[in-house]
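Next, two complexes with subunit A in common: one pairs it with subunit B, the other with subunit C.
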Partner chain A sequence: MKQFLAFVRKEFYHVFRDRKTLLLLFGMPIAQIILFGFALTNEIKNTKIVICDNSNDIATRAIIDKLEVSKNFEIEQVFLNNNEIEETFKKGKVKLVIVFPPNFNHSLNHENKAQVQIIADASDPNTANTLTMYATSIIGDYHKELMAGRKIPLQIETEMRMIYNPELKGATNFVPGVMALVLFLVSVLMTSVSIVREKESGTMEVLLVSPFNAVLVVISKAIPYFFLSIINLIVILVLSVTLLDMTIKGSVILLFLESALLIITALSLGLLISNSTASQQTAMIISLMGMLLPTVLFTGFMFPLENMPLVLQVISNIIPAKWYYIIVKSIMIKGLGFSAIWKETLILMGMTLFLLIVSIKKFKVRLS
Partner chain B sequence: MKQNIVISTKNLTKRFGSFTAVDEISFDVFEGEIFGFLGANGAGKTTAMRMLCGLSLPTSGNASVAGFDVYRKTEKIKRNIGYMSQKFSLYEDLTILENVKFFGGIYGMTKASIKTKSEELLVQLGLEKEATKLVGSLPLGWKQKLAFSVAIFHDPKIVFLDEPTGGVDPVTRRQFWDLIYDASEKGITVFVTTHYMDEAEYCNRISMMVDGKIAALDSPKQLKKTYEVNTMDDVFYHLARGAERTSD
Partner chain C sequence: MRTLIFLLQKEFRQIFRDKTILRLIIAMPIIQLLVMPLAADYEIKNINISIVDHDRSAFSQKLVSKIVASGYFKLADYGNSFEEGFRLMEKNKADLVLEIPADFEKQIIRENTQKLFVAVNAINGTKAMVGSTYLGNIISDFNQNLRTEILPPSKTSNSPQIEIVSSNWFNRFLNYPVFMVPGILVILVSMVGAFMCALNIVKEKEVGTIEQINVTPIRKHHFILGKLIPFWIIGMFVFSIGLFLVSRVVYGIVPEGSILVLYSFLSIYLLAVLGLGLIISTYSNTQQQAMSLAFFFMMIFVLMGGLFTSVDSMPEWSQWIARLNPVTYFIEVMRMVIMKGSGFNEIKNHMIIITGFAIFFNTWAIINYKKTS
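The block that comes next holds the complex of A and B.
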């Protein structure tokens, strides 16, 4: 135990002496959160919209007036038929089209019900979402005013259509995504470099000649990075809550436990990489190139997995960050408990166990 | 004079594929002696030493170190030896004191004995003022001396030194050998590889390795007599002339 503590202390010295790496370690998540945070401005002003008014009556004109005076929209054009909608979107200037069917006012007054369609360019899902919300609430306003003077309930059905990306997947989920990405990559990268560094500098030889247990070498290497990753996690969570008004709906303790599990998975993977490579550069390239792209691609926070070909969906299952992402979303956004995520947790545990065993087996006690 | 044998090898062999790095070497090293392991680059010195330290498993033959078998009792051997590798092997981003404490720690020494011994060590090396400096900032000669002191910090029975004075000036080399003599006087057996022939003169006995085999083994004085030459350099030329391996 004393030997173990001496080793862990040494590892902490390494980490804290290396200022540049430390800066990278903590700078990366902060930069990501701030970048993502400011890229996601919630309020959108003066968006150019097009209205396709097939009925051109009192009701539709009243709604158009309301849209016009709102600070969110700027009406670019009012068409009188549907033919030009697609062209308008293709030009890319217009983000939203509102379509009134023929006889809007007539339906409203005689059938007590009328429909309006809102079509949004969802290639930027977040903007599309926000704009549709604005439009719906403006139409809702008009509806309320109308209702005030009547006894029979009226209905305006707003039908929303998201084109280009119907599921609106992605943007709002970026915090769990950043967590998965940062925690996973940082842990893999840091540990993978640490063992190889000792091989390169020749100190590994001296360690191997000492009576110190090889398994403990591997474990004590991972400990400082475990703590650093937990600190990283706290930083990300604090920034998301304070800066981005993110709320953590589920249990914070559960979130930390699951995060600890992912960190251990990543550390084991990092150890495996460093046990299988001979130079720091190789280790770094494998963990950056070999891990960054698959993690970004297959975690699901940037590109929805459901839209991928089946082969890629199957491949995505071996990415630990994918399971963690599901877990974090369930806890943070949906507020679910352990019963909802035990399967994902089990998968992560299995991966960790596998990686740990292989990396300890691979650790060479002898040089040749 | 009856001496205890601390290292004993019999037909110790190491092959890498079809290449025989160490070819059936047999020798004994006695307790407390300074045993020089000489040879050209690529003669197999480091490989032989690594087998004795438990870093490398022999292909065939027998060897025991400090009374323990190199095949089965590697862990016991590790407790009884110190090792200084060819490459400088302390942590450059740690201070002198941190390095000393770390190596004391992984050998399981108590805090109290680490404290008293590290103070002694700093005084012996004259590094009291530099104790909290990073090792990376020290000149090479000091680093080597420090590495040696760290290798014998836990009072091993045997210390293995793999070309400890590579790249160091003659004055520092001389000082380094003073440290080796000090250790030897304390009863530590020193097993040292080198290709500096002046250093060979400092050893009690030396073995000359050529092409993986031991070509000669005796005291420097006796070797010079046997080959009828005046210096160890000449002994070396005489023996190494027949070498087939080119240096690497």
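The block that comes next holds the complex of A and C.
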């Protein structure tokens, strides 16, 4: 035990002496949570649209007014030749064009039918889809007002209620994702170089000739980073509640324990990478270049996992951050208790155990 | 000039000697480019719906089969209690719960109006909106059919209708890979360039070999160029494999615009990101520090460059940050050229800005690189 504590103390010295890394270690998560918490959103606001109004009558003006009031759109220009549409799209700023044919109001009232054309720049399919939907529903609103006086037979009304996130805020979805991402990646990154650095600088040899216990050396590497990550976790939680307006509906203690579990999983993964590589560069390439995009995508906060091809859905199961993301959503947003997340917790525990055992097995007592 | 050639020789030898790293920096981007775009798909297909049917009439059955037949929804449960449906939503087994009230059929005929209730899991706002809009459309379709079936034709056809015709330009079938592959390629090329360049110099610092270079009459800009050029070539190489092999052959993406435009932008862009890598390296003493800094920038590259979420919908201040991110410009240019066929004229501003970045970053790096420690 005394030996172990001595090792832990040595590791703490390592960490605290490198002031720059320490500063980054604390500064980064704070900056990232604030930055991404606000910036990441799928809500589409203030998109520039162009309207070609070839009739300019009461009906089209009423619809344009409605579009103008909506916070989703910003009307750029009202008159445009049809040929200029493609040119406008190519410049990249305008995402949607709405074309009213001549005599819109006249056909609406006398022929009972009028046409509107919505042209979307679908080079971004998601934005195109969403904007078309917004515009359609605004025109639909106008139509409804028009019909308000008349009695429609056999009307089915639908009451939609948005549960958990009534204002459809982006943060509700993204903040837990960013939490998972930052906590997980920072912990993996820091430990992934810890052992291999000693190999590279040659100090490992000193450790190897001393009468130490291999398991203790490996574990003591992770301990300072565990404490630092716990502090990061507290900061992240405080920031998301105070600054990003997230509420923790469920138990804070449970959330804390589950987060600690994720940190341990990440640290074990970092240790495994560090034990299996020969140079710091290789370790970093794997833990940074190799893991960044997969973690972002397979956690499931950017793109719904159930849309992915089955093979990728299976692959996503090995990403610890995915399980943590489910856990965080359940506790913070849905307010569920442990009974709802025991399965995910068990999976994370299993992963941690597996990673730890493998990385201790991989630790070589010989230099080459 | 001769100094530079010797330096380049040294760099290339070092790079080619470490086979593990060389393999990693070529293979990793390619594998990710093959797999990741498949995961980045927002086309929402399998929305799980749980239907609570208190009516069990011919009408309600018809509505249910219409919803299932639409192809957007998967029936997760067809039950009798709303609580049961809601529990499925808590467990993530259902995204929507539709409740059909008792006497749905009777009421609609007798009272002319009836109400359906839908609960939507709105944690993911976009998904919730898409799901509820689809469902709303299906219900109003069903409603319209009901009218034409039951009412005499005179009563249905005399109300004014607005017909909305929508068309999607540049990407008619809302194909996701066409949108994602160019963006992901940009990220991967930037990672390889900036990150490897930064690590390379810091490694010389950590191992101590930089001392040997510092005591020689090699000029600062020679040293910097010697580090820049190899990674510039690697970046070009990785990009070309990604563009011609993966995106062309595997995903079948044929750029609408000119390849020349892409490559001229890429050549300046790479100078800019490599410059950023150099700056990182001048500020760090150990590889761990360089990595932490690189990680910070990578995250900003990936999440704030408009790859996954659009820059235009960010709040004003974070749009400014996105504008300070070179990746944003290249992703925009890639998408404009590949999907819309924009030419030099349309990307003129992007070109000027990225040249500015390249000059700024590299000057900063050269000034900040000190031969004495």
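The working rule: the second predicted complex is superposed on the first by the 233 of 368 C-alpha atoms of A that agree within 3 Å, B and C clash if a C-alpha of one lies under 4 Å from a C-alpha of the other, contacts with A are read in each partner's own complex, and residues count from 1 in each chain.
One rule holds for everything that comes next: a contact is a pair of C-beta atoms (placed from the backbone, for glycine too) under 8 Å apart; a residue touches a chain by one contact, two chains touch by 3 or more.
Since this is a predicted model, take the numbers as computed values, not measurements.
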- [ ] Report the partner of subunit A that touches more of its residues: subunit B or subunit C.
- [x] C
- [ ] Report for A:Leu336: first if it touches subunit B alone, second if subunit C alone, otherwise both or neither.
- [x] second
- [ ] Considering only the touch criterion stated at the top, classify A:Val252 as touching first (subunit B), second (subunit C), both, or neither.
- [x] neither
TODO: Considering only touches as defined above, state whether A:Thr130 meets subunit B (first), subunit C (second), both or neither.
DONE: second
Task: Which of subunit B and subunit C A:Met147 touches, first, second, both or neither - done: second
Open item on the list: I'd like to know which partner A:Leu5 touches here: subunit B for first, subunit C for second, both or neither.
Closed with: first
- [ ] Pick one for A:Asp18: touches subunit B only (first), subunit C only (second), both, or neither.
- [x] both
TODO: Once the structures are superposed on A, label A:Thr203 by its partner contacts, choosing first (subunit B), second (subunit C), both or neither.
DONE: first
TODO: Applying the touch criterion given at the start, work out whether A:Ile285 contacts subunit B, subunit C, both or neither, answering first, second, both or neither.
DONE: second
Open item on the list: Output the subunit A positions appearing in both contact lists, the one against subunit B and the one against subunit C.
Closed with: 18, 201
Open item on the list: Applying the document's contact rule, which stretches of subunit A touch subunit B when the two form their complex?
Closed with: 2-3, 5-7, 9-10, 13-14, 17-18, 201-203, 205-212, 366-368
TODO: Would you mind writing out the residues of subunit B in touch with subunit A in their complex?
DONE: 16, 50, 53-57, 75, 78-79, 81, 83-94, 98, 101-108, 134, 160
Task: Complex contact set, residues of subunit A against subunit C - done: 18, 20-21, 24-25, 28, 31-32, 35-36, 38-48, 86, 89-92, 95, 108-109, 112-130, 132-133, 136-137, 139-140, 142-143, 146-147, 150, 152-166, 168-170, 172-173, 181-182, 185-186, 189-190, 193, 197, 200-201, 278-282, 284-286, 288-290, 292-294, 296-298, 302-304, 306-309, 312, 316, 326, 329-330, 333-334, 336, 340
Task: Complex contact set, residues of subunit C against subunit A - done: 18, 20-21, 24-25, 28-29, 32, 35-36, 38-46, 48, 89-92, 108-109, 112-130, 132-133, 135-136, 139-140, 142-143, 146-147, 150-151, 155, 157-172, 174-176, 178-179, 184, 187-188, 191-192, 195, 199, 203, 206, 284-289, 291-296, 298-300, 302-304, 308-310, 312-315, 318, 321-322, 332, 335-336, 339-342, 346
